[in-house]
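The structure's right below; bear with me while I get my questions together.
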Amino acid sequence: MSEADGIARMIEALLFAAAEPLSESDLADRLPAGADIVAGLEMLRSLYAGRGVELVRIGERWRFQTAADLAFLMTRERQESRRLSRAAHETLAIVAYHQPVTRAEIEAIRGVQSSSGALDILLELKLVRMRGRRRSPGRPVTWGTTETFLEHYGLASLADLPGVAEMKAAGLLSLDLPAGFNVPDPSAVKPDEDPLDAPETPQFHLDYLASDTEPT
Amino acid sequence: MSEADGIARMIEALLFAAAEPLSESDLADRLPAGADIVAGLEMLRSLYAGRGVELVRIGERWRFQTAADLAFLMTRERQESRRLSRAAHETLAIVAYHQPVTRAEIEAIRGVQSSSGALDILLELKLVRMRGRRRSPGRPVTWGTTETFLEHYGLASLADLPGVAEMKAAGLLSLDLPAGFNVPDPSAVKPDEDPLDAPETPQFHLDYLASDTEPT
Amino acid sequence: MPQPTLDFEAATTAADDGEALIVDIDGYEGPLDLLLALARNQKVDLLKLSISKLADQYLAFVREARRLRFSLAADYLVMAAWLAFLKSRLLLPRAERPAEEAAPAEAVAAQLAFRIAKLDAMRRASEALKSGPILRRDVFTRGDPEAISIVSRRRMDGDLRGLMAAYVQPRARDGDRAYRPQPMESYRLDDARERLRSFLPQMTAWTPLTRVAPESASGDGPSRASFIASTLSAGLEMVREGEIEARQLAPFAEIYLRSAARA
């Protein structure tokens, strides 16, 4: 590599990393004494000519910028919000730990009236799904987490969700928690749930409850 | 200009403009359908090889960065990052080379009783994350490194950790320590023998297991 | 089983060899760290370490530390005892070793050497990571990314810790609210019995239990389930007393009652 090449390399790195355009004297301050900055800039300009990124001079200063004809690539995407809202995050956590859980139960735990917006967002992100129906009056839909949820959090199974011990170890549980605070085991079998498509054979429990609403 | 050249140009512009590394699917979202992104990246990589700015792969994503040998020029851009303590850095190395690894295993390798402070710091810096749980008694949480870790140390993948292949070949990364390995565990002292001095701190392993089996 | 003894003579020899370290116990993060420092002093492949020599060095160190009245943490002393014991076992002739000995002393020594080598490897790895090209120290990304934001969409924020925190927040708020279960109001057995008895004259044919039990009043009062359960209990008592008969055709099928005293 020639010396001129070496200088061009250094200018390239400096201009790339700089937070604002640099003048030739800015560059001279940071390069070895006697470096031929004009030649280096000229070399870079021809090297980048026609590339996706070009070296341009703005007044007395130099900067790299993307080629003007590629502007169409740059305007399309706006930053998408990747962060879940607090409500959605809390709802997700409750679904994860308490599944199968109904909307009313989520609202009871969160102490708020409405959770459908949060559930819609989570449903769209494929983090939660409808699991089935609770065997209780009104047969409310129960919610649970998806495979995507497990993948995102790097969990092999629901049994791998951190429990109380880990919450304590992470300093998340303060000492003034209500006595008897516990975290349900989401992998435990919950018998009071039906699949979403109701079974053909009614069960005693259902019959019994159903008889409640039958005209007599 | 060939079509492949045109794609390389677009990728170049996108990666220059991006605030963080982009994955091949990020690029695919913005490029014309059917663009050969792999070929474009390869073209750029060889084009930039040896220059002041280089194209590198970080995990599954790509970024331009200044050449490492020009670090001496970058005095103004350098940000003195918070220096990790020796304990924290060693813990980070153990997590990186042994992941997924439990806290007890980290402590066994370091030969100390406590590593939670170091893990907290690394967690806060987003260098490590909880990965899941080990399928062993007590189901302890396992730790691993993050994308931020790869970005910070400029690693294309975990296989690029310095010396990892040699350590693996020498069996140094095995977590299956032989039975008599946990010396000087006082509990390994023969029953008819009094230890010189019982340790003040209870065995971490036992503690941890006990806390995990707490009623929930 | 011999009591472990501190081999002070060998320790002194090691110290006289000029191999003892300057005693600075604060510089070490526990016995294993100290052992690694001593082992590095031997300047051999750590896997070929002389554990016997290492034990001497360690004991010399501990002895010196105690002479200087450093208070040594218990684990340093436990390690000293263990090393002294291991060394004595290593020195024993093979034949004299008790047959029931679980792990041969050589194997245990090799494991210790391996463990030291492992810590050493991690320490070197830590150094290697630190000396590599580090972002914003050695390598730099674009200092002025262009105004439009192009961000990777592959990643979504959120990790397990965040999930745990999100779970704890509402649950902690939950603690402020006391849980007061509503005591269930139940239909009294005596009432059920009285009602059933009043129906007896009309119950000459099989009558479903569900028709006999009272309908639940809207709002307060016992639930329908309680009405049915209490009526059934009262009915069974009356069956025992011979006042009525009951039958059920299949498990979980409707239960029928009729008066036993049919005209």
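Order as written gives the chain letters A, B and C; numbering starts at 1 within each chain.
Operating definition for what follows: a contact is a pair of C-beta atoms (placed from the backbone, for glycine too) under 8 Å apart; a residue touches a chain by one contact, two chains touch by 3 or more.
For clarity, every value in this text was computed on a predicted model and none was experimentally measured.
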Trace the shortest sequence of touching chains from chain B to chain C and report its length in steps. 1
Compute the centre of every chain as the mean of its C-alpha atoms, then state which one is farthest from the centre of chain B. C
The distance between the C-alpha centres of chain B and chain C, rounded to whole Å, is 24
Using mean C-alpha positions as chain centres, tell me how far chain A is from chain B in Å, no decimals. 20
Just the number, please: Cα centre separation of chain A and chain C in whole Å. 28
Which residues does chain A have that touch at least 2 chains other than itself? 13, 16-19, 66, 74, 77, 154-155, 162, 166, 170, 183
The positions of chain C in contact with two or more other chains are 140-143, 146, 148-151, 153, 155, 159-161
Chain A residues touching chain C - in the complex, by the definition given at the top: 13, 16-20, 63, 65-66, 74-75, 77-80, 82-84, 86, 89-90, 92-94, 96-97, 109-111, 125, 152-155, 161-162, 166-167, 170, 172-174, 176-178, 181, 183, 204, 207-208, 211-212, 216
For chain C, which residues count as touching chain A in their complex? 140-144, 146, 148-151, 153, 155-175, 177, 210-211, 215, 224-225, 251-252
Chain B - residues contacting chain A, complex: 1, 8-14, 16-17, 29-31, 50-53, 64, 66-67, 70, 73-77, 116, 120, 129-133, 139, 141, 144, 208, 211-212, 214-216
In the complex, chain A touches chain B at residues 1, 8-14, 16-19, 30-31, 50-53, 64, 66-67, 70, 73-74, 76-77, 154-156, 159-160, 162-166, 168-171, 182-185
Residue ranges of chain B touching chain C (in the complex, touch as defined): 14, 16-23, 25-26, 29-30, 60-61, 63-68, 71, 74, 77-81, 86-87, 89-90, 92-94, 96-97, 109-113, 123, 129-130, 147, 151-154, 161-163, 167, 170, 172, 177-181, 183-184, 186, 189-190, 192-193, 195-200
